[in-house]
Amino acid sequence: MSIVQADHVTRTFRVPAGPVEAVRDVSMSVAPGDYVAITGPSGCGKSTLLQLVGCVDVATSGTITFEGRDVRALTEAERGRIRLRRIGLVFQRFFLLPMLTAWENIELPQAEAGVPKAERRLRTRALLDYVELSHRADHFPSQLSGGEMQRVAVARALANRPALLLADEPTGELDEATGEHVAALFDRVNRDGTAIVLVTHNPALAARARTHLAMKSGMLQPA
Amino acid sequence: MASWKELLLALALVGPFTSAGPVAAADAPQAGAPADILISRQLMRDAHLGVGAVVVLATDAEGTRTARFRVAGVYEPVPDPMKFNVKRFEARLHLPDLVALTADPGDPQALESVTAINVALVDPAAAARVAADVSRRSMGVTVRPVARARDDDPFAALDGFHKAIAAVTVVGSTAFLLALMVIRAEERREMVGMLRLVGVPSGSIVRAILIEGLVVAVAGAAFGVALGVAGQYGINRFFQARYDTPLLFVRVTASIAIRCLAVAVPVGVLTGAVASWTLLRRPPTEVMGR
Amino acid sequence: MSGFALARRTAVRYPARTCLAVLGVAVIAALNFDMLLLSRGLLLSFADMLGGAGYDVRVMGGGGVPAIRFPIHDAAALADAIRRLPQVGDVARVRLDQVSAAGPRSGPEQAVTLIGASLDAAHPIWTITAGRSLPVDEQGAPPSVVLGRSLAAALGAEPGMLVRLRAGDRDGRSLLPAIACRVVGVADFSLESARALTAAVSLDTFQAVQGGGASDEADLVLVASAPEVGPDAATAAVARLRPGLHVYSNAALVEQFNRNGFAYFRQMSLVLSTTTATFTCLLVAVLLTVSVNQRLGQIAALRAIGISRQHVAAMLLWESALLVGVGGAVALPIGGVLARALDDILRRMPNLPERLHFFVFEPRAVVLHAALLAATAVVAAAYPIWLAVRLPIAPTLRREVVS
């Protein structure tokens, strides 16, 4: 059974100039253990598709099911709970909370999900080890480099042991070497069993995925 | 409504105060007919009296000495800030009528007595000298200028109180504007860092932020003045209705508006200067978080 | 991590803006606190002043305008009758008039309020600060007088010295001879202003200063109710003795002044406290709104990773509560200092009793202050919370990346 199944999904935005179809009639599915990269020119609808798949946004038409549940039928609170427990999100601009340390940023979604304190401590320590930032646990984001911040963001995304990790241009703000480091981390996450869908302009990062989807003008192109 | 007895008392009480005031024109009393009096608007309304009504005035609550009068007219008492919360139940009598009603029958001089004599001087500035002079010559008479010394003026204390409150408000507003400008500065940290990196001189950045602080402060002050002008109508109406007086409680004058704007200028410059300092005290690379 | 912890971290993370906002709230909330003190301060002070002499019922010849004298006739008989009432503990007769006084040294005469008081009362209506209170006058010796502090200073008189009291005030000359009195004490008169020139003598001496005669009048009869029955029962019993007299308990007088005399300050405190609360609310709302606008991306990302709306709302509510709460707490000492300064300014009003204060502390004001601030924090946070919880996640994230 797939984690996410999208069937003929369209997402239309209403702007003053008229409606814009950011995603048009897209169908795709992500199964456990998949590693999917979506590439395409800027404005082709990759990020919008990622947000639809990640239950952040809702399709205008078509159907998306997440672990068998129709996303459109869910309330915002229910979609929020799915994002919290079943999906990990990584953003291009990291979006770590500046007033919290790396440790606390990773702990935050666990606390929200009601993970007991002792369990949170164990998991957070393990995640910091996993992203090789144990020595930076008490540092604030402003005291970390871009690569380190993105690794903390990945650890935060994995905090509630999601079935699916979504990353939107995760290396967009990083230099080549640092990007390579973060890419290796994604490989490891996938090897350890988490499905990944990432959107990127970076061909090297896209090449690491087992499935490569190209998008153009809101539509998936044949491979 | 006040009882009839209380009304008598009230009328009796106001007599001595009003006798020295100007007596409005009223027909001279006919023999046997009640003499004419004027009553205040407030008394007329609360006692449900009207022009032509005949009332009995008494010197005390028991009504031992009374006289009948006809209400010849109604007047608005001169607004007095010292009495704004006092119900102006007053009546104005012709002096001979008042004396006839209140004079002690056992005191032959009582018919020649008045409580006070008001004097309008040709030169009001000479009031203190004239008072001292008359006081020296007339035994048993207290002579005082009407104008109050500042030490004796309760409104001088109120004026100081209001000014102190205004000063505190300015301090609070300055702190808030500073906080706002600091937040705005933090918001534009990266942009300012970038501008400095590409060579825009610090002076230009400081100027821009100072102008922003000044514009916010002066616009806020101007809005405040406009709000004050709009609000004074409501506040005056409220208090005038509450205390049944034509007194003005709030008045936004040109001088107040100018002072308000004058305070806003240094506040704006100060807040702009602090905001610029928070942005410029560190090198641009650090400001941009690199 | 709770909303409170996040809010606290945010406040600590941006110390400059937090301190400035707290300072702003503190200053305005101090003013607000002072307005709460002002709203009942005069009343409390007035009640305290009335009760200070130990008498809780006042008997007067007339009501209304105090400038008009309504003497009580047969005052001694009335005082005896009152004293015999089981509801009464103590009675004092008081007479008041304007006289002139000359000191032991040559100098101008002073216009003085002379108080004549019966000496059979247990409590004097003044507080001795030097010397002693009025003794029963001895035959042949100069009668005794207690001077108010200001009068003693103006005349340069001390206990043991002689002063001369004469009917009629300084300007209103009288043909009656002056009476030489020996100063036995210096006192504070609670109902008189600090600058007022006041002297107290026995009723006999008072009568002598007025030219003698056998007048048995009083301007005021003060009654202390028996502790077991209280002032209301005493008021009713005294009123029944001689219909036509005006008998008030202190509480009734305070209520009367509350309706008339203090209305202006109550209204002003209401207007100013409403204005300052609105001001605080607006400014905190502006600061929080600007702060939320600055963090839109962060809030959208929090929502995207599954942090609930309630959690985000709680964080903002706590941010508001922290600013207003800490500011409100700091406001208490600032308000205390400010209240003293404002009280000093208002007490420059002429003829104000020395013990009358405009700003009087009471625990109720602190409770009200806290409740008002809590409401302010909630109202101030309402708009920023609405902005944050209604934030469309996907478009905001898109906008943040593009910007």
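Letters are used for the chains, namely A, B and C, taken in the order the chains are written, and counting of residues starts over at 1 for each.
The criterion applied here is as follows: a residue touches a chain if its C-beta (ideal position, glycine included) is under 8 Å from a C-beta of that chain, and two chains touch if they have at least 3 such contacts.
As the structure is a prediction and not an experimental result, all values here were calculated from the model.
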item: Fewest touching-chain hops separating subunit A from subunit B; value: 2
item: Chain pair with the higher count of C-beta pairs in contact (A-C, B-C); value: B-C
item: Closest chain to global C-alpha mean, per-chain Cα centroids; value: C
item: Chain centre separation (subunit A, subunit B; CA means) in Å; value: 67
item: Subunit B and subunit C: spacing of chain centres that average the CA atoms, whole Å; value: 22
item: Interchain centroid distance [CA atoms averaged], subunit A/subunit C, Å; value: 65
item: Of all residues in subunit C, those that touch subunit B in their complex; value: 14, 16-17, 20-21, 23-25, 27-28, 30-31, 62, 64-65, 68, 70, 168-169, 171-174, 244, 260-261, 263-264, 267, 271-272, 276, 279, 283, 286-287, 290-291, 294, 338, 341-342, 345-350
item: Subunit A to subunit C touching residues, read off their complex; value: 47-48, 51, 54, 56-57, 76-77, 80-85, 87-89, 91-93, 95, 97-100, 104, 107-109, 111-113, 156-157, 160, 168-169
item: Complex contacts: residues of subunit B adjacent to subunit C; value: 9-10, 13, 16, 60-62, 84-86, 135, 139-143, 151-154, 156-158, 160-161, 164-165, 168-169, 171-176, 178-180, 182-184, 186-187, 235, 239, 242-243, 278
item: Subunit C residues touching subunit A - in the complex, by the definition given at the top; value: 1, 6, 9-10, 12-13, 297-298, 301-309, 311, 393-394, 397-398, 400-401
